[in-house]
Each structure stands twice: as structure tokens, then as C-alpha cells.
Amino acid sequence: MTDVSAGELMVAQAAREIRDGETVFVGMRLPLIAFVLAKKTHAPSAIGLFELGIIRDEPAGELLYTMGDNPNVENALWCGPMLAVMGMLQRGEVQAGFIGGAEIDRHGNLNTTAIGADRMHPTVALPGSGGGADIASLAHRLIVIMPHDKRRLREKVDFITSPGYGTGGDWRRRVGLVHGGPSVLITTLGVFRFEDGDAVLASYHPGSSVDDVRANTGWQLRVASDVRETELPSAEVLRIIRGYDPQGFWTRRGE
Amino acid sequence: MSIAIGCALEPAIPFAFAHELIRQRKRDLTLIGPISDILFDQLIGAGCVARVEAAWVGNVSAGLGHCYRRALEQGEPRRIEVRDHSNFSIGQALLAGAIGAQYIATKTLLGSDIARTNPTFKESTSPFDGSKELLVPAITPDLAVLACQVADRDGSAELQGPWGVSYEAALAAKSAIVLAEIVPAEIVVRTPNRAIVPATKVVAVVHEPGACHPSSLSRMYQRDHEFFHEYHRATRTALGFDRWIAEWVTGVPDRAAYLRKLGPRWDALDARVKFAPTTEPN
Amino acid sequence: MSIAIGCALEPAIPFAFAHELIRQRKRDLTLIGPISDILFDQLIGAGCVARVEAAWVGNVSAGLGHCYRRALEQGEPRRIEVRDHSNFSIGQALLAGAIGAQYIATKTLLGSDIARTNPTFKESTSPFDGSKELLVPAITPDLAVLACQVADRDGSAELQGPWGVSYEAALAAKSAIVLAEIVPAEIVVRTPNRAIVPATKVVAVVHEPGACHPSSLSRMYQRDHEFFHEYHRATRTALGFDRWIAEWVTGVPDRAAYLRKLGPRWDALDARVKFAPTTEPN
Amino acid sequence: MTDVSAGELMVAQAAREIRDGETVFVGMRLPLIAFVLAKKTHAPSAIGLFELGIIRDEPAGELLYTMGDNPNVENALWCGPMLAVMGMLQRGEVQAGFIGGAEIDRHGNLNTTAIGADRMHPTVALPGSGGGADIASLAHRLIVIMPHDKRRLREKVDFITSPGYGTGGDWRRRVGLVHGGPSVLITTLGVFRFEDGDAVLASYHPGSSVDDVRANTGWQLRVASDVRETELPSAEVLRIIRGYDPQGFWTRRGE
């Protein structure tokens, strides 16, 4: 594990969530690298959407800092109004989307708006939804990537910016969401799947353990019966990740 | 006065315009836009803002916006009202404004606390099938401010690169102001499809080709990523913000002086890279 | 199958596509579009059409469409269903389809018998202020057919000139087909803002630069006004229409033969005038 | 009158309805020529909208047959989606619009859809609304131009395609229309104004008379107390009309 960073492990896991031929809301940083990795391995015909109004069939050739950077515009397949790509999302044409957040709860609800009981007088004013709430509302599957921290994985978030499974069960259907919800939560310590709208630990990363994950999770941990250690990325996968992010700008942060 | 600005999201943000608003000590503005990066943070910190209707306020490179935090957490330099949106909901609000509709019915944000806390939204059921829906009322800004690559003197302006909600914002607004390199009319007008907003709506065209630094403008200059980090570090305290504004905004008379102050850093962004000649079939 | 076609209104109507539909004896089509000039009349006369959702069906030069009249007045060659729209209502129906909305609430057509007789519309009152409104439900055609000046092989296509509801129709449709002059990708893609529809939606690109005669295509050829009058005179009777179709559609194997048949008349429309080189700032 | 056609007279009358600085839905044929005339005389800063998605500050230099003709596209101020110009209409930014029809009734309702009691089994299937119903619904003022014929000026139209004043009085407000309605009806025989949603003859063209108009009108004619003969166009106005339509293609039809 010493020479594979948590970021690299998360990227490798996230890339597996993209299936070939799918249309995916990509986002920046680790999700973007996961998209690049998926395109170069098992999902060569996946299409990437960027909410500011860009559609790409090939990722930009160089590392991006924001989705509006010029390399992401050049040779885009299409470039125009945001509503065209958001329209694809609401039409149900987007199979998967990536999202992160400051906080998540056991039902996969994400908070990126405000910490504290009163949104208008918060303890910490977070930036807000951006397109996150839209992706969480409308994409068929949500892939969540977050640092693992007890203050971030909470029993209940202060504000549901991006709806997961609400209070669990058929909550999404009841509030009017037609499909979607988180299919996976990938953290710096492990991978969760969702069963009946509840997060269940599916694997812990090399160097971590079920107990370690439990100690760093703010809700009563549910563990899959077949929980196992997260598979290490192959040499080929690492080569692709490191080729795209040679300085480890995004994949080796904080190490 | 309500102003839609930075509507292309991360690129093409008219910082030159915001800085002039600060220099002129404008007050009680309503800012409208999905994600305007640190432009909103600066106007909030300078005390120009009474309300924000946005999907995101912060610093795209560094995360949190310190001035936005101080305003909401401590009421400094003043309390501001926030009407939360998502990118899609604010896009639909501006679309409704653009076509003169009272609202748009959408399925986004159902179950989100944004739907609950934005007082302008209305949860409803579809008159067609009884399904739940969120009604997003129109936003019609007093003014939309667009930064474009080129414009003619009449206001026909071409924005290359992602549009975000710029088109909808310009049509929804009562008036528009364009910041761009002013070029002869025939360049823009000979292909009128390229104009992002009818010139009839444009009340001013400002010749300001470097208006967007530190954000990027497709084909003209790159984004100055480090500048965003520097701003983040410098503005952790209100005093630090005041110093930053004194150095970069009130301490310079205009955009030309700002760009001169940037010096070689400006050139390093491939600045002044203009359009490449376009190959057209012939 | 439902097809949105002729969505730029008077210009850029893909007659070549309609003629091939007639040659292939397609049946039970639903035609969608604001004003498709005599294209709809021809498909109706040829018995291809079960339903029309349109704002106008006729002959822009001559007025009435004889085949449309025979279908509605006499049920010849078959009865067709009509769902009346105005230009704005069908544009909003396609816009709703494009953004995945169930409907758009509008103030147009209130008091018009169109609002009363189109069974898809619903009159309602605004949940915001109780004012009357008309709810126009989304139209999502199976296919949108666009004629453009240029496209690349992947489907990135540029439409110069008025767009009508072409953009909304392409986004609302499940798939799109583009008829154009196919050019190398870098010409269209290097300015991706010009593509009218994401290539991801385009299932076929047809190299057919003369696809729009007798309608015009901006910068490529003029409208053949007299052709519309000739069609009007020739199709006063069903027999006359059959003869016209035999001469101009079933009697020619493809568009190339059609253009050869036009002969000097085609050249007289400034045909083959391609794009002028665009002057860009540099 | 022998050397001034009814078309020229109608164009001259119609042009007066456009005020300087107004934004106008233009249409084709006589209305377009009226717009050209107004621009060249008293309304130089009027703006013309064409529903297929064109905005012009200067009319096309040559005679148009359809609004999509290439000369109307070249040097347009703006060219793009229809919804942008229809949006201006619904936003209340369009002061006036021109419209014609197969039939009109005393309340200014226009039928361009179908003659006969049953719209789906009509005696004559007319082409339909186009943008006419939108302009009639949403423009501040409607300028109607039609040939004068007893079968066209009817007590009641078979189908209201473009709403005028409905049954008169406050009908528009009751059905939800915020403003608008016909301000003038210009025919080949005379000019009508509307009072409380009712057509009132304001002037009869030279060569016609009140009785002539009455004999050719399908409703019980109301005549203004100050009814008079329609003013002939000035030599300058005729020069402009004939300069734009030198063959009389639109202004001398049927003569």
C-alpha cells in the first residue's frame, strides 16, 4: 500500500462504476481522472458531460483545474448552453454522475450548503450545490467520493443539499424523484454500497480494517457479509492514473 | 438593483466589471448567477451585496469563500440574504425569464432542503399526472453582464466556449452590458447566428479585452489558478480582505492598470492570444 | 413514428428526406413542426401521414395546401388527425421536451380556439397568482431531421441562418439525422459552439448539400419561389398531385437526379455558393 | 385614386401605426412594406422581428417573398432561435404586430384555421395560425390588414385562431390575456378602429363610401361620428413604396 495513494485507490474504484457507452456527469479532480481511466480501459465509448455546457467524447489531453479551462473547451464534441446538458439529465439520458460533499449521512444524503442548525445563520457557510443537487436528483446512479472522517460521515446531515435516499426505504419515490440515488460511496478508507437506501461497508482499503472504518464513521456501521479488502489497482491502471496526473496533484493530495 | 454576472460559470467572469462596482461603492446589489467563483465573494466582502441568488458561492480553486462565510456566519461586513439554487434551477429560472414564462415546473431538487428553504419555490403536483414537481419562478435581472471575446459597437457579441446560462440570463435581463474586444461590425454581424444576445438589449459595450482575469476566456487567455489560491490565503481575515482589495481593486484606477500590475504573470497566461483564423469550406 | 422536420420554418427544409420517405412508402407518420411549407403537404398527399402537430400547413408562396385540404375536407388519400399549435406553442412544447420538463405554462393562445381543440393542452390557473395559463405538454419526437450547411462525419453540424425551433426539436427528439455537406471535423469542431445539436444524438449524417430545394439554405442557395407556385397549380387535383410526385419524386432515384432534372434552374438560384471565408480578428 | 392602388393605400395607412422606437412583429408582403415605409419616414429607430428567429434594425435591401429569404438573413442584427423573439413577445417587449386572416369578425377575432362548423371536417382547411395567434395574444397592439369582402368580414368567425376582443367588453382580461387586441383593421375599402372591442369605421378609401363599406361588410356596420375619406398617400410616401416594390408585386396584386 505504501506506493498506492488513497487518491489512486479511489480513482481506480470509481472508474469501475462507469460502464461502456454510458453518459456520465464527470466533475473535476478525482472523478475526472476516474473518467479518463475508464475511457482508457473498459469504457472507451463513454461520454462525459460538464455542467457548464460541454460534451466530450475524449477527455482533455492535459490535467484540468476547472471544467471551464481552455483545454476542456478545445476539441469538445459540443459546447453551448448549460440547459442542453441539464436537459439530458432531466430527460433520464444520464446514467451516472459523480459528486462529493462536506457531509454525508447513512442514507447517502449530502450537505454542501451549511454546517449548523440554521442555514441562514450557519456555523460554516459552505459554497452550495452547484450542479450537485441536480445530479443527485436526476442521474440514474450517483457515485460519491469523499475523504473519510467521523465529522463528515454523520448520522444525519444538517442540510440535505443533494438528496440520497432521504430517510431510506421508498423515500425518493415519495418525494417525487423518479429514479437514481447513490450506488456507491468511495472514501479514503473503504467502499460502501447501498441496500434499501442504507450504506453498507463492502470493502476496506489496504491498511484499514472494518474496525478502523467503524471508528471513523459517525453512524452505526453496517457491514456486508462478504466484506473484504479493496483490490489494489493493477500496474496498468496505476500507469494510466500517473500518466494523467504525473505530479500527483489530485491523486496524492495531503500525503 | 439585480445583476446576473459570471453566468458562464468558471470561465469568462467579468471581474473588471465587479471591481468597478467596488470602486464606485455600489450598495444593496442582488447578485444572480450559478457559480461566479470569487467574484461574488469579493462583492460580498466589499459590502456591495444585499442578496445572493446562486447555486454556489466560494472559490473554485480553494473551496470556501471567506467573505461569504463572514457575511453569513458573523454578519460582516453586513448580513446578506441567500436564495439557494442549484445550477439547473437557476438556469430554469432565467429560462422562464427569457421566454416570459411565470415559472418552469421541474423534477430537480425534489427532496432537497433547497426546495424547502428558497422562499420563491413552490412544491406542487402536476396537473397532468399528479406527480410531484417543483415550480421555479422566473428571474428577470435588471442587468446581465457578459464578457465575450468580441463585440461590435452596437452590442452584437460573440461568446466562444461554454455558455453556461449566459444566453438565458441575457434574454431574461431588462438590459445587458458586454465587455469585449470591440471589432468592426462585419466580423460579428456577417454571421449573426454567433451573437449571444440581440444588440437591441445591450445598453453598453465596453472595450475591455482583459476583463476576465483571473478566470479564463477561451482562445484569449488561460485561467490564473494560483491567483485564486493567493486570494484565498490573503482573505482569511476581514483585514486581509481589505488589504487585498486596496491592492488589487481600489488601489488601481482601471483594468489597464490592473493588467500592468500583473505584468509578466499576465503574459504567462498566453494572454493576448487572439482567435486563430477559422478555416471554412470554400 | 414521429418526425420533427422543417423546424427552421421557411428556409432549410429537408425536402430530400421527405422525398425519400415517399419513395420508401413510409406510412402512419406523425409530422411535427411549426411551418414546413409544402413538405407536409407532399407527405400528406402521398399517404405517409397519420397525424400532424403543426402551427401551419400549406404553401408559403401560394397559400392553401391542396393535399392538406383534400385530407381534411374529403379524407383523401386518408383521414389525418390534426393537433393545432401556434409557432410559440409548438416551440414551447419542443423546449419542454428538450429540457425534460413535462410542460410549459404560457399566456399565449388564451382565448384562441386552438387552446380548446388541441386535446393535449390543459387550461389552468397559476399556482403563484391564480392568473389563467395554458399548459403546453412536452413533445419528444422519435426523430428530428435537420438540413444544415456543413457537418462532420460524427454529426457536429452547423446551421447558419434563422434556427426557428431546430435547436429545441433536435434536443427534444430521441435521435437526429443531419443532411449537409460533410466536411472535415476540424472545420466544425474547432468552434464547437456552432454545432446545433450534440453529435451524441445524431444517428446519421447524410452528404446531401442540395437537400433543401425548393426552400433556401442561407449562403448556399436561394429559394425557388416559382417552384412553389408551380406545385400549387399542378396539385389542384389528386390526379395532378400523383403526376407531380411521379415526375419529381418517384420518377427520380435520388437527390442528385432531382438536381440534374432541375438543370439550369438550380444554377440560377446561386446554387453551390458556399460559405464566404470568415474574417476573424487576429 | 386611379394611380394609387388599394395596396399602396393600405401600406401607407399601416405604416402610420408604427411609432418610432417600437419593436414590431413584421410579417411579409404589405406589412413588411409598411415597416420599410415607417422606417424611412417617421420611425427610423423601429426594430423589426421575424418569428423564425431574426431581428433587423434595417429592412432587407430587396423585396422579400418569405421572411426566411437569404436577403433577410444577411446583415440581420441577430439570428437564432424562434423562442428568443417569441420570448420578447411574451415578456411584453413587442408593442405592435401585423396580422392578416381569411376571416375577421366585428370584435377583431381572426380565423386562419378552417371554414365550417367542425374544425376537423372543414369546408375549407386553411393553413393555420403560424405565429399569428401568438402576436394576437401577446403584442400590445395588433394591426390587421385584409381584403374587404362580405364573406371575410363576418358577424362571427367559424374558429378563433387569433383572439381579438372575443365577445367584446373585458373578454380579453377574463380569458387571461394581459394586454393587446386589434387597434386597427385596414381593408381594401376602409379603416376601422376598435371601441370597447367593437369595430367602428373610421374612414373609407377614395372611390368607396360608407354605404359601399356597409354593403360589403358581414356585420351591422358601426360608423364613427367623424368618419371621413382616407387620406391619400403623399408623393414622397408613394415614391418610397414604389421604390421598394417597383413591379407592384405585392402592392398592385389583382389589379
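Lettered A, B, C and D in written order, each chain numbered from 1.
Convention: a residue touches a chain if its C-beta (ideal position, glycine included) is under 8 Å from a C-beta of that chain, and two chains touch if they have at least 3 such contacts.
Model, not experiment: these values are computed from the prediction.
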item	value
Set of chains whose contacts include both subunit D and subunit B	C
Chain whose average C-alpha position is farthest from subunit C's own	A
Between A-B and A-C, the pair with more C-beta contacts	A-B
Distance from the mean Cα position of subunit D to that of subunit A, given in whole angstrom	58
Geometric centre distance via CA averages, subunit C-subunit A, whole Å	42
Whole-Å gap separating subunit A and subunit B, where each centre is the average of the chain's CA atoms	26
Distance between chain centroids, defined by C-alpha means - subunit B, subunit C (Å)	36
Per-residue overlap in subunit D, given as positions that touch at least 2 other chains	73, 79-80, 83, 86, 89-90, 138
Interface hub residues of subunit C, defined as touching at least two other chains	92, 95, 99-101, 106-107, 131, 133, 160-161, 163, 190, 193
Set of all touching chain pairs, with the criterion as stated earlier	A-B, A-C, B-C, B-D, C-D
Interface residues, subunit D side, partner subunit C - complex	50-54, 65-70, 73, 79-83, 86, 89-90, 113-114, 119-134, 136-138, 159-163, 166, 171-172, 175-178
Subunit B - residues contacting subunit D, complex	98-101, 140, 154, 156, 171, 189-190, 192-193, 195, 197-200
Complex contacts: residues of subunit C adjacent to subunit B	92, 95, 99-107, 122, 124, 126-129, 131, 133, 135, 137, 150, 159-161, 163, 181, 183, 186-187, 190-191, 193-194, 274-282
Interfacial residue positions of subunit D with respect to subunit B in the complex	23, 47, 55, 57, 73-80, 83-84, 86-92, 138
Touching residues on subunit B, where the partner in the complex is subunit A	8-12, 34-35, 54-58, 60-61, 63-65, 68-69, 71-73, 81-82, 84-89, 91-92, 95, 106-114, 117, 131-133, 160-168, 215-216, 218-219, 222-223, 225
